[in-house]
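Letters A, B, C, D and E mark the chains in the order given here, with residues in each chain numbered from 1 onward.
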Amino acid sequence: MSIEAKEEFRPKIVAFCCNWCSYAGADLAGSSRLGYPADVKIIRVPCSCRVNPMFILRAFEKGADGVIMCGCHPGDCHYSTGNYYARRRMTLLFSMLDYIGVENGRTRVEWVSAAEGVKFSTTMNEFVEKIRSLGKNVRLEDLRCRK
Amino acid sequence: MMKYSYYPGCTLRTKAKDLDAYARASAKALGFELEEIENWQCCGGVYPLGSDEIATKLSSVRALNEAKEKHQDLVTLCSACHHVIKRVNDDMQNVEDIRTRANNYMKLEEPYAGETTVLHFLEVLRDRVGFDTLKEKVTNPLTGKKIGAYYGCLLLRPGKILQFDNPENPKILEDFIRAIGAEPVIYPYRNECCGGYISLKEKDMSKNMCNNIMESAEGFGAEMLITACPLCLYNLNNSVQNGLPVYYFTELLAEALGVKEEVAKA
Amino acid sequence: MQEVINRAKELLADGTVARVLGWKAGDLPYNPEPAYFESVESLEDFVYNGFCGANLSKYMIEASKLEGKTMVCLKPCDTYSFNQLIKEHRVDRDKAYIVGVGCKGKLDIEKIRKQGVKGIESIKGAEITDEADNLTIQTLYGEKTCSYADAMLERCHVCKGKEHKIYDEIIGESKDTKDADRFTEVARIEAMSPEEKFAFFQKELSKCIRCNACRNVCPACSCRKCVFDSNKFDSAQKANVDSFEEKMFHIIRAFHVAGRCTDCGECSRVCPQGIPLHLFNRKFIKDINEFYGDFQAGEDTEARGPLTDFTFDDVEPGIVGERG
Amino acid sequence: MSKEKKQAELIKEISGVNPLKCMKCGKCSATCPAYNEMDIKPHQFVSYVANEDIETLVQSKSLWKCLSCFACVERCPRDVKPGKLIDAARQIVVRQKGQNYLKADEIPELLDPELPQQLLVSAFRRYRR
Amino acid sequence: MQRIGVFVCHCGSNIAATVDVKKVAEMTLLEPGVVHAEDYQYMCSEAGQEKIIAAIKEKNLTGVVVCSCSPRMHETTFRKAAEKAGLNPYMVEIANIREHCSWIHKDMEEATEKAVILARAAIAKVNLNAPLKPGESRVTKRALIIGGGIAGIQTALDIADAGYEVDIVEKEPSIGGRMSQLDKTFPTLDCSACILTPKMVEASAHEKIHIHTYSEVEKVSGFVGDFTVDIRKKARYVDMDKCTGCGVCQEKCPSKKAASEFNRGLNTRSAIYTPFAQAIPNVPVIDTENCIKFKTGKCGVCSKVCQAGAIDYTQKDEIITEKYGAIVVATGFDTIKLDNYDEYAYNQSKDVITSLELERIMNAAGPTKGHLERLSDGKAPKEMVFVQCVGSRCSDDRGKPYCSKICCMYTAKHAMLIRDKYPDVNVTVFYIDVRTPGKNFDEFYRRAVEQYGVNYIKGQVGKVIPQPNGKLLVQGSDLLDNKQILKEADMVVLATAIEPNPGVRKIATMLTASIDTNNFLTEAHAKLRPVESPTAGIFLSGVCQGPKDIPETVAQAGAAAVKAIGLLAKDKLMTNPCTAQSDELLCNGCSTCANVCPYGAITYEERQVNDHGIRETRRLAVVNSALCQGCGACTVACPSGAMDLQGFSNRQILAEVDAICQ
C-alpha cells in the first residue's frame, strides 16, 4: 500500500435518458428522494433511438468511465418502435466494444418507465458501483482531453 | 433401464427400512433403478436456516455433486432429506455467498452450482413415469380403499423453493392414490404439521396436533393414511391411541404392483 | 476473356451500351485496374484474369448518372454489392447491362510474395479459362510455382457461391472456392481475454494511416460525404491523433455498414497496411446472424436490413455480458 | 452499537428477514399450529426484533415450541417470514456454549425403540450446537 | 457567438439547501457565451420570470439557461417568458438541478459541483441552439372511448353533450361493465341497476354516441388530434337491425350449459345469449364454442324460432376504421384469480366465495334469485365470515402490493345488508385495517358495527378448514385480544383484490401509453395531471388508472371528458418544432431513414441540387414536419449524418457530452 491516502475514484458517467419514460423516471427518483451518486449526469434525448453510437464513443473519448442508456420498456415506446431499433443498435455496439477488448460493464442499457423511480435509482447505484469496481477507463479515453 | 442416483438417508437405513425396500422393488417393477450414491452422509434432518451456515450443508452438496458427476438426477424418498437437499440445491443455484463458500470447502475439480435435478420419488412417479403409466402397471389395484394422503409440512413448504405441488391444496398423493386404484379422501389437515420435530420433548403438544389430523381425515371418511415421512409415520402412530393405520406410500405402491411379497420375503 | 471482349464489342457496336466497365492491364502483371472502355478499339486493353479482384459495383453509382447504359462485369460476389446498391437507390438498374463473369477465385499478390516469390516478370495460370491448379511464375530468379488455392484472397476461401444474384447474361464458368469457415477468425478473437482482444486490435489499428482506401473502395461506404469529413458530428478529421480515433473511425465505419456490408472483402484487399478490416464487418455479420437470424446483405433487393428491422422479443444488449 | 442492537442485527442477518416489512396483519399467528403453546406469539416475534428486545425473545418458551413447519413463512403476505426469525433466535441461543435445550444425558430417557433416527438427528441440529 | 443569460433558481430551499446557488451562478459566468448570471428564490414565480424578461431585454440575450426543476415542470413557463421578451422560446434550455441534483444528493460540495456541470452542458447546448417555429396539425372532432362500463359511459355522455361525436368500444355483448353486476352501492345503498341503467339508456339513445359492443380495438396509428383506429366488430351471428330483442331464441336454445360470465360462473346460460336482462343493445350473441349449430352443423333452433329472421350463421368479423382526435381508456378491472390462495379453500369449497360472487347471490336477478344461500347445499347460512385483504397488500408476488381501496366499504355494505335482511345471521369480519376515507364512509362502517352488530375482528385469517359436517372452520387471529380464533361458519366471503382488466396491456401498447408494473396506466403527473396519459391525446377514466369506487370513477370520467373536450375544441394543434430535417447536400437518398420512421413522415423527391457547383438531380429525403414527432430514429439510421433533429441535433448532444466529460 502506498503511504499517501488513496484518492477515491470518482467516475464520470453519462446517462442518456429518453424524455418520456426514463427522464421522467429519474424525476420521480428525485421527487421520491431516492439518491444515487452525483457521478451520474443525465442527458435528455427524445427517445432512446436518438442515441447515436457516436455519442457513446465520443463520451468515452472525452473521458467518460461508463455510459448508460435508458429508455421506455420495449413495447411502451412513446414513438411505438424507437426503443426496438435502439435495442438492436446498442446490442451490436456493445458487442463490438466487447470484441475490441473494452471491459464489459462500462456500457449498459436499462428500460425504466416513468413510474419506476426506484428502478432508476437502483440501476444508477448499481452502475456506479460497477464502474467503480472496473476503475478508470484507460482503454478508450483520449489522453489529450484530460486536464 | 433408466437410472437415478438415490439418496436413502439415515432413517431409511434403520427404522424405516420398509419405506426404502418397497420403493426399490416398485422402481424395478416400473422400469427404473435407484442407484445408491456412495458414501452418502446424513443430511442433518433439518434445513439449516441460518444463512451463515455452511458446514451443515456440505453433506447435501456432496450428494448433489456425486449425482452431477454421474449425470443423473438425484432421487430422495424421505420427506426431510428431500426438503434439506432441495433447499441446499436452491442455495447452490441462487445464493452466491453460499455457493462460493461451499465450493471453497469442497475443493471440487469443477465447482458445483446446483446443476443436479432433485426429485422426490413421488415426482419421479408423476413427472417421469407418469401416473397413467403407473395405473397401467398396477396388477393388484387397491379398489375400494379410502385413503387419506398426509403430506405434512416438509414436502410442500416453502412452495417457491420446493416447487413440489401447490402447498395449500396439493394433489400429487391423491393422484397417486387414484393411480393405484384406491379412492383419495381429501381433508383440510393434510398439509398441517404433525409436530414431529417437537415430539421428543413436547409430547402433549404433538399429540394434540396428530389428533386434529386423524379426526379430520376420519371425519371425511378415510380408512387409512399414507405418508412419505418416517417422522410423521412415527408420530402419528405413537401419539394417537386407536387412530387410523398409517403406511408409507411405497408400501401400498409395492402392494398394488404385486411386489410386496418379494420384499417381505427378502 | 475473349468471349467477354467479343460480347462487349457487339454491345458497343449495336448501341445497347454506351460504355463498358471492366479492367485494363496495369504496369505489372498482377495489378489490373478498373477502367471504362467507350469504343470497340479501346477494348484491346481489356483484361480479365485472376487478379481482377476489384468489385466494380461501386463504379456504377457514377456510371448511373451518365448518358446511356453501361456494360458492367460483375463476379458472383460483386452482384451482392450491386443488389444492395439497388436497394439503397444508389445505382440505376436500367442504366446497367450486367455481364456476370465467371470466377474461380481471385488472387492475392501478397500471398504469393509471402511464399518467397520475388522479382515477378509474368504469371501463367491466372487466366480465367485456365483449369490449371498451379500458377507458374516467371521471376528474375527463374521459374517458381505455387498452388492457385494458396494464392487466393482470404475472401475466396469463404466464397459465397458461384451464383450471380443479378445479371443480364453470364459469360464463363464460376467455381465455389469455399474451403474455410468465415467466422473462424472472429470466433478466435471472441474467445480471447479482454486484454488480448485489446492488444490485438491496438496492434492492428495502430498501423492505420487513415488513407481512407478502405472507405473509398467499399461499395457500402457510398455516402456523398462521409460523416468523418463533414461537420455534422464535429468529427472531420485529417489524421488520427491517438489510438482512440482509429478505433472510433473503424467502429463507426463498421457500424454504418452493418446489415449492409455484403462481406465482399474489398476493405482488407486494398488496405496498404494489411489491416484485416473485414474482421470488424464480419463480427457484426456474425452477431446479426446469431441474434436476429441469418442475413446476407445483397441476397436480393427487397429484404429489410437487420438494423432497420426488429422483433418484439429481440435479445437485450445485456446478452453481450451474459455471453461472456 | 448496544448489545441489544447487535443481537437484533445478528438475528436479521442470520434470518435474512427485514422486520420492517411487517404490516401486522397477524396471518402468521392465525396460521401457527403451535400458537396456543407459545408465550410470545409469532406476530410479536417480528415486533420484538424490530424493537431490539432480543433478551425477552431468547428467554421465551416459544423458541422451543415452534415446529419449523413453515406455514407462516408460506402464508406471510409481506415476505417477512416469522418462522425464520424464530429459528435465528434459536440459533443465537444454541450457539452460546452450555445453552443447549437438549442435554445429552436427557436423551436415554426420551428414547423409545421405534423412534426414527431422523428425529434425534434433527433434535440435535435444532437444539444443540 | 450567443449571448447567454443563466438563471439559477433556489426553489425556496428545495435547491438552495443542497446546492450553493450563488456559486453556480458565479461559475457559469466563466463559460463561453455567458454574459449574465443571477440567482433568485423562485424563478418560476411572476417576479422570477420578470427577471428573465428584463435581462433578455437589457442585455440583448440570444439564449437563456434556467437552472431549476425538471424541464417537465417548467420548461414551458420559461419558454413563454422568453417569448414575451421577444426571444424565440426554443433558445431556452433547462438544467435540471432539482430532481436530478439537489433532491438526490446530500453533500453540498458534491451537489454544487454537479449543478455547475449540468449548467455547463445546458450552456454548451444553447450555444448551438437555433430559433424554431412550431407547425400546425389538425384535430379530428371525434373521441373514442375504450370500455363501456360506468367510466366509459360517463365520459362518453359528457363529451357527447359538449357536441362531439363519440364512439364506445366494449368487448362484451353489452355495455354496463362491473357496475351492472353489483347489487347495491355504498354508502347510500342505492340499487346499482337503478342508477346505472338510465345512464346506459341515455348513452344508447344519444345521437352523438355510437356504441360498438362485442368489439375490440385492433390497431391504432397516428398521434394526438389525428388517430386512426381499426375496430374489430366480432360476429354476433345476429343481425342488429332485425333483432327485436324478444328473447325467444334464448329460451328455446337447447344448449344451456355454458357458465354465465355475468353471474361469475355461478349458474349457466344458453349458447345464444344477452348477458343480462337490461343489456344494451338488447341483441343476443351466439357463443360459437357452445353452440350446437357451430359445433356439429345441426340444430339451428334459434333461426327457426326467430320471427324477425335475425339469425345469420354466416356473419363474419368486420373491421371498421375511424379517425379520432382523442382516445379515452376506460377498461376497468376484474378480481384476481385465487389460485395462489388455496389456504382460504376457495377452490376446495363451494361455500367460500368472492365478494363479487356475493353481489350476484344477493341480486334478485342472480343465480339464487336474491336469496342468501350456500351454493353447496342451498341451505341458509347462520354464520358468515368475511375476510379482508385477500390478495391485496401482498408484497410476496402471490398477490398485489396495493390496497384495492373498495373492499372495506363494500364489506361493510354486505355485512349491513345481510344483517338487515337476515337478522338471525351472525356476521364476522376479519380485517387488518378498516380504511374508510370518504364522505360518509366511516359513518357507514360504524353503522355496520353499532347499528347492525357486525363483529369486526382485527387480524387476518390463516386458513379456512372445511369440516366433515359441511361447515367451514375459520382459523384467524384476534390481535387485540392476542388470541387465535377458531370460528365455525357456514359461508366465507373473500374480499378479493382487484386488478386492471388483463387486456389493458395490449391496449396500452397500441396506444404507446405507459403502464406500471401492476398494469395500471400511468398518469402524466401523479398529482397535477391525473386523468391524462403521458402520451398526448390519451386520457384515463376509472380503475384503469388505479383502484377507485363508483363516485370517484364518475368524477374522473367527467374530468377525462373535460380534458378530451379541451382538445377537441381546438381546430389546430401546434406541433412540436423539434422535428427531423435532412441536409440535401449530404443525403444519399438511400431510404434507410424512411424504413425506421414510425409515422411515414419521410418521403423522397427527385430534386435539382447545386453541390458546390455540381448541378444534378438527386433522390432526396423530405420530412413532413406535420407528421414527424421528433423521435430521432432516422438520425441514427442515416449513415451520412444528413438527417438531424432540430432541438436535439448531433452537435448539441455532443456538446453536452463534451461538457459533462470535461
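As a working rule, a contact is a pair of C-beta atoms (placed from the backbone, for glycine too) under 8 Å apart; a residue touches a chain by one contact, two chains touch by 3 or more.
The structure presented is a predicted model; accordingly, all values stated were derived computationally and were not measured.
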Q: Give the chains in contact with both chain A and chain D, ordered by label.
A: E
Q: Considering only mean CA positions as chain centres, point out the chain farthest from chain A.
A: B
Q) Once you find the CA centre of chain B and the CA centre of chain D, what distance in Å lies between them? A) 25
Q. How far is the middle of chain D from the middle of chain E, if each middle is the mean of its Cα atoms, in Å?
A. 46
**Q.** Where chain A and chain E are represented by their mean Cα positions, the distance between them in whole Å
**A.** 30
Q | Centre distance in Å when chain C and chain E are each reduced to the mean of their C-alpha atoms | A | 54
**Q.** Contacts with 2+ other chains: residues of chain A
**A.** 52-54, 58, 75, 81, 85, 89
**Q.** Where chain B touches two or more other chains at once, by residue number
**A.** 168
Q: Two or more other chains in contact with one residue: find those residues in chain D.
A: 71
Q: Return all touching chain pairs.
A: A-C, A-E, B-D, B-E, C-E, D-E
Q. Can you list the chain D residues touching chain B in their complex?
A. 13-16, 33-34, 37, 64-65, 67-71, 73-74, 84, 87-88, 91, 101-102, 110, 112, 114-123, 125-126
Q | chain C-touching residues of chain E, taken from the complex the two chains share | A | 583, 585-592, 595-596, 604, 611, 616, 619, 637, 639-642, 644, 650-651, 654
Q. Which bits of chain E are touching chain A when the two form their complex?
A. 70-72, 96, 98-101, 103-107, 110-111, 113-114, 117-118, 121, 508-509, 512, 514-517, 522, 534-535, 578, 596, 598, 629-633, 635-637, 645, 648, 650, 653-654, 656-658, 660-662
**Q.** In the complex with chain E, residue positions of chain B that touch it
**A.** 166, 168-169, 186-189, 216, 219-221
Q: Name, in rising order, each residue of chain A that touches chain C in their complex.
A: 52-54, 57-58, 60-61, 74-75, 81, 84-85, 87-105, 107-109, 139-144
